[in-house]
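Notes for the one structure printed next.
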């Protein structure tokens, strides 16, 4: 911004041009697509699919692709995905993760040396775990999946401990009582991003039980994202992974 | 009851006598002391000390002792205990457990072959764990204490696992995220009574976090009592212990 | 485990064999079936049917049966049950209890001398009560059902009291205000496992009212499981029943 | 009101007089004392003592007495009561009920033939039960106290059942799980006013557990007032008692 | 009960007969129909229709009718009502109130001189208000309906005030902020039964907002039933109405 | 009212006439249409469409139109709107805003000089934002829409700041964390009406997260309406706009 | 801002000067005093006294006074006020309102023609009502106080209605069930700022009951601020009052 | 662990020695000090001071120092700190942060090239922010403090943006509506650890408002720790800082 001020002062750019350069988004009417985000945050704008129509998503996808950026749409149900895929067959849809994406070839090279461990407690947590795993992969990280290792059968976790310990960062997904991040957090020296899921019933209150467990963890090195927010868990892991593996 | 009906029918007892036999409590005005409880439930009435004055507790103690029953007062602060001890120096006060009690010599013999494991997660859970341990001992069970074995350092738990596994029943006390009963529950084949504590801060909400964890445990064989209810955890364990060890 | 360490030390087994013996589960990809559980906990792995596809459940059933273990699937709706029954007609489906199971003949002999009383407050609590009763029977206990004896017509309860009192352990199921376990708990000397149900409306909050009543019970000897967790209530009762009736 | 309109129309009263007759309160600046309430509601204004200074209460008392009305101040702690009693020694203070009151002799005659049963579950609920009992007596009803008859020892309740059943209306006070009104409600044919108390700990949440139990009662004929609102319970009972016993 | 004891003692009845007389309900297997309730509580058993099948309800109806009692089924949807009406065309179904009922001719005579005012705040509260009004009528009270008089247009209430004031008791039904009972309660001298409804959205939380308003009412003489419990409101009003109008 | 009293006193009107003039609503049986509201509050009665049938709404519309007043129906789904439009084709339906309305020509002239800024955080908040914008326009204010300017890309907000700052009043609509009103509130000198939306998932709790953010805003000059209450936000803004722009 | 850009472009100011003009606050280390606020928002920075030491507050006061701005400190207890008054005796302390302030003489002239009605429900709400009233006066508005007019005695409100109706804007303060704003809102045509207070007990939950009532009000034209936020209510009212009365 | 197994197999160590090597904690009776943690997690055991006595803390400190490890005690009030400092004058106490610590000289060298930005919204959040800042410094990271930059005066944040953007990771501390992390999260490309504080009142619910805001943030790259958990925020930041700056 200081640079733009100087260019303006030096007469190199006009006030209009200065304004233009700050106009870092594209106004689609119903949405303002944030083209500036890749520069500002390291990733292009990611589309949250829930509550948007196939038409709205298509329009945003086209605006992003027009700038040469990659596409990542989360919370994408199959029905809407099919509508979009008819027009944009180059996109890839992952049904379990409910993710629609497109990556440029040149981005395909894994930039990081380490990997993210996506750990989940039970079979029912799969959708959220896969949202995390696929997000991390699309954003350019390597992922190891360690699934169904909940604390009620702790030997399954201990058996896979080394693989988790050697990761750069873990995303630990759990519903029910959400105890897995505490146990993992006590056994590793890297950051643990805890993702509570809404799996459970009765006094689970749609994931509140797991969320509270994770916030109150007696292990250090654990931070938490929203219930079922596999994407958020992965995003945090990826930016840590990048920091850790940049050269 | 059927027996009393028959005795009445046979003219062996009068209506007044029948009524008397059903009048199983003593009316102190402010309280009705339940002398029938030992027959009905296996233990004499236990006094919940909180919210009762030293005078009220003394009156109830004297009514119970007059019937030759043992005394157990829980949630008893030091100040009130001292008032009562001046008059009844035969009572014993355990400050950590906040328990005041008196046992007849003949009752002192441990009746059960097995033992109850009282397991706790952290140093801060001590008061509740001791309320459980002392209650169980006063009610006649053998107790093993396994303390400070929370899930954030799971090796401490695994190191003491055998002692827990060989108990007849476990009382597992934990605050914060309350994950310990789930891990213990997955490693033992006996009943686990989970006692959440109010230890924690912020999104712990006075023990709600631990309570929900325990209710939502993915391990089987776990049942839960109220927050900080060490007494209740012990009582359940003792009646199971008696069932398991009766000859 | 110590034994395995010694065998290893003595050269009786190799490191690989030691590892194998600890690898106590079977990895189906989406799930890790815990074959070790029968040894560790006394029962084979039980399948929670909700949120799993018929295909996933079938795969897990086959993995468990291949080890010669009994099958118990809870929260099983009719539709999925029918799919599985087409392939595995030897399984039995109980629609009210929403349970699919299979027991080996040799296991059919009731091992315990006593019985579990499954008590419920109202007709609407039937599904949860039957989940408890059928679970207990499949796990090998004798069950007496005492239904529709809620506290609003206490004479119905008192009329059936003797049958409840003579049980080894009670599972008491109630929705609405959930007062039944308190009343039963004051009248019996054995453990009461309280199961709140989500039956009710308005300020019932999906069973929270009944859950809180049970956690705050002024009767001793009551412990609580999650809302609608008939299975959990039964499981706790069965392991107590086994302890009480082992020879 | 129609009458006032007619008098105005007939010229019997002036607009000012009509206005005056509607000006049914006295403005003390910090409070507007409602002198109209006795006519409108059958009782003079009752003073809620909490959060008012001894000076404010004294001023309101004097305004009410000046109109020849009785005095009833609830939630009155001892300290403030003593200040007021120094000036108004004709008032009577009940410490357990935390009530300060004054009744005209002529009002002292009990107007009703029946009585209100004030029933409470435990010794700790005494303060609230006495607030109800004393309020009802000051407002002119006969009261029978049946205390410490909680559901955990149901024989104590059944033993006193007849006295409760013969009341015109019951005020049933209970903390903890708050189950008593449901049991009483199922055994009587008159209205039951349920008063939850804040007695309890942990998952009691300051009386919420008892409140929810009472709102969700499966017995008919129960209505509920706020937690610890012994006054409200009594007030409702008294107006029912008056309706039932008016000639 | 004492009478039965005496008859037994006098040899007038056998133990079996005594037992029979206490067996005051009929066991349908899935339900225990409480035939004793009319004697004990003044009304025959009322059926809560929600969660019961048409077959179950039919069986209970037939058991009650066999004893010559009136029928009242609440929370009855149209579909199930039609099934039952095919077999029992003598029943009457009120769709707005969701009530199915049958009254004996001799009962049809209104026993009470006064009437119950059923007051509701808005058009959306109609279903609950009608549940109250129809219940009260079926149980034998006269009812005046004063609808759509919510506090946001207080002149509509004031205009109908006299009719409300002259009732024996009011049932006041309101959703949203639930302020109507407070205003009515301040203007009448009879008991007000407040019924919160689940009408509203957002921070209404399914009727919690209205429920809390009513519990916290600064007016005296208000008691509250569960959210949407029009039946409960009416039942309380009817037993008060009977007390007030008995001769 | 004083005037009516005087006219009555002067014999200019009869008691019946006086009563008539106070009867300011029309009784449709299921509803009392408040014709007095335009005089009392400045706008005719507005119809809340949810939970009312097309027939009920039609009847109310016709009653309002018969008095020559404008029509505004909110929370109107398409299906019901179509039924009404068949009969009243002069009405206009806005599908995004879910609003059905009709305005007299003479009212069409914008009365105010300033404008209301309707600001929203994300594309998903559109329905609520449009409910606010269309309501404000129908009620006679000018509206500027500034959409999709949530705080996660603050440059989009800053870029549109001047347009917001120059408004008379802002309606700021946001879901998720609901931070937008705080940021806007710190940058403008006019009143901000904050409207939380239910957009979000997990720990959003149906808009509670946004609602709490807005109530706890550290910026001054913010007041809040119910979750998703776009209408309420607009109504407040319009009456402020009128105050500010009246001559 | 555009202006600064232009001045910079024209070489009239340097980059440093441009930066300086944006540095609109003073850094005291523990706080950044916002001197820009008067220009940006129309009032100088207001100090929230709770949780700040007398020393910190003194430092901020001196920084603000040094710029010639007025002082307003809210939530100021007497103890800290006295410390500050010793040094700054020109300040004025209002104990009921817990406000410390200082106004320049020239500001003392009331700028607005209309007035703000501060209305409160009960005597206990006085502190919050006075916080609102004094804040509004210090910020330059005229205030009319209408106190103790809660809905339980609605004639007190109706008697003062005209004074409320003629205000430019009302601040309505209420605890308990918080119904007053709904009733007032239905009777006036100007904006109502509703302020819930924490006055109440039991199911009041520290003001939540009143807060929910106000958010769910069925009256239009009501917006809500945080519990006990008398300051916020007044601030909103003052900026509306200014808009309405500017010339 | 595999190595120990091999050494055991090779006869290099005995079973007792193997056991000893796994006994990685020191049993103080009331606590098990985890000496293994530095190896397992990269930091020695950190002491949570709340709820522990000065004697207990001293014993743990001495056990840790005996192993040559650094000391960090959080939530340490001044009173207890002084007791410990009398015996261990080499420790340093930071009163604002409530932290007691001791670092070896050799550890004093900053290992990381980057720095952690500790950002806080208001003066009242200082205690938590300092807990974070001091923790991070003791654990070996460089810290930049950017305080009092809450969103209500966003220019204060924008003015310090560059310093925040150039950090390796940010810890963002905020109470009230907790919006700051969302705004920061949208402006930086590194991980943001959000720490909600309990600062606020009314509908803040002890920090729940801020916590929910942070969990629901629409910005990516934000993860959350418990309310007031400044330590946890810092711990997460430090392990990320180490990953990012290791060579």
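Letters A, B, C, D, E, F, G and H mark the chains as written, and numbering starts fresh at 1 in each.
One rule holds for everything that comes next: contacts are C-beta pairs under 8 Å (C-beta built on N, C-alpha and C of every residue); 3 or more make two chains touch, one makes a residue touch a chain.
Protein identities per chain, from UniProt: A, B, C, D, E, F, G, H = Nickel pincer cofactor biosynthesis protein LarB.
In this text, all values refer to a predicted model and were calculated from it rather than measured experimentally.
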Shortest contact path, subunit B to subunit F, counted in steps: 2
Common touching chains of subunit C and subunit B: A, D, E, H
Both-way neighbours, i.e. chains that touch subunit H and touch subunit F: A, G
Chain at maximum distance from subunit D, centres defined as averaged CA atoms: A
Classification of the subunit A:subunit C interface as same or different, half of numbers criterion: different
Higher-contact pair (C-beta pairs counted), B-E versus B-D: B-D
Chain whose Cα centroid lies at the greatest distance from that of subunit H: E
Distance from the mean Cα position of subunit G to that of subunit F, given in whole angstrom: 25
Whole-Å gap between the CA centroids of subunit E and subunit F: 38
Subunit E-subunit G separation of Cα centroids, rounded to whole Å: 48
Multi-partner residues of subunit H (at least 2 other chains): 153, 186-187, 202-204, 208, 211, 215-216, 220, 226-227
Listing of all chain pairs that touch each other, if any do: A-B, A-C, A-F, A-G, A-H, B-C, B-D, B-E, B-H, C-D, C-E, C-H, D-E, D-F, D-G, E-F, E-G, F-G, F-H, G-H
Interfacial residue positions of subunit E with respect to subunit C in the complex: 22-25, 30-32, 34, 36-37, 48, 50-52, 56, 196, 198, 206-208, 211, 226-229
For the subunit E and subunit D complex, residues of the former touching the latter: 40-43, 46, 168-169, 186-191, 193, 211, 215-216, 220-227, 231-232, 235-236, 239-240, 243-244, 246
Residues of subunit A that touch subunit G when the two form their complex: 2, 5-6, 8-9, 11, 15, 18
Residues of subunit F that touch subunit A when the two form their complex: 123-124, 126, 147-149, 153, 155-156, 159, 199, 201-204
Interface residues, subunit E side, partner subunit G - complex: 121-122, 150-154, 176-179, 182-183, 185-187, 200, 202-205, 208-210, 212-220
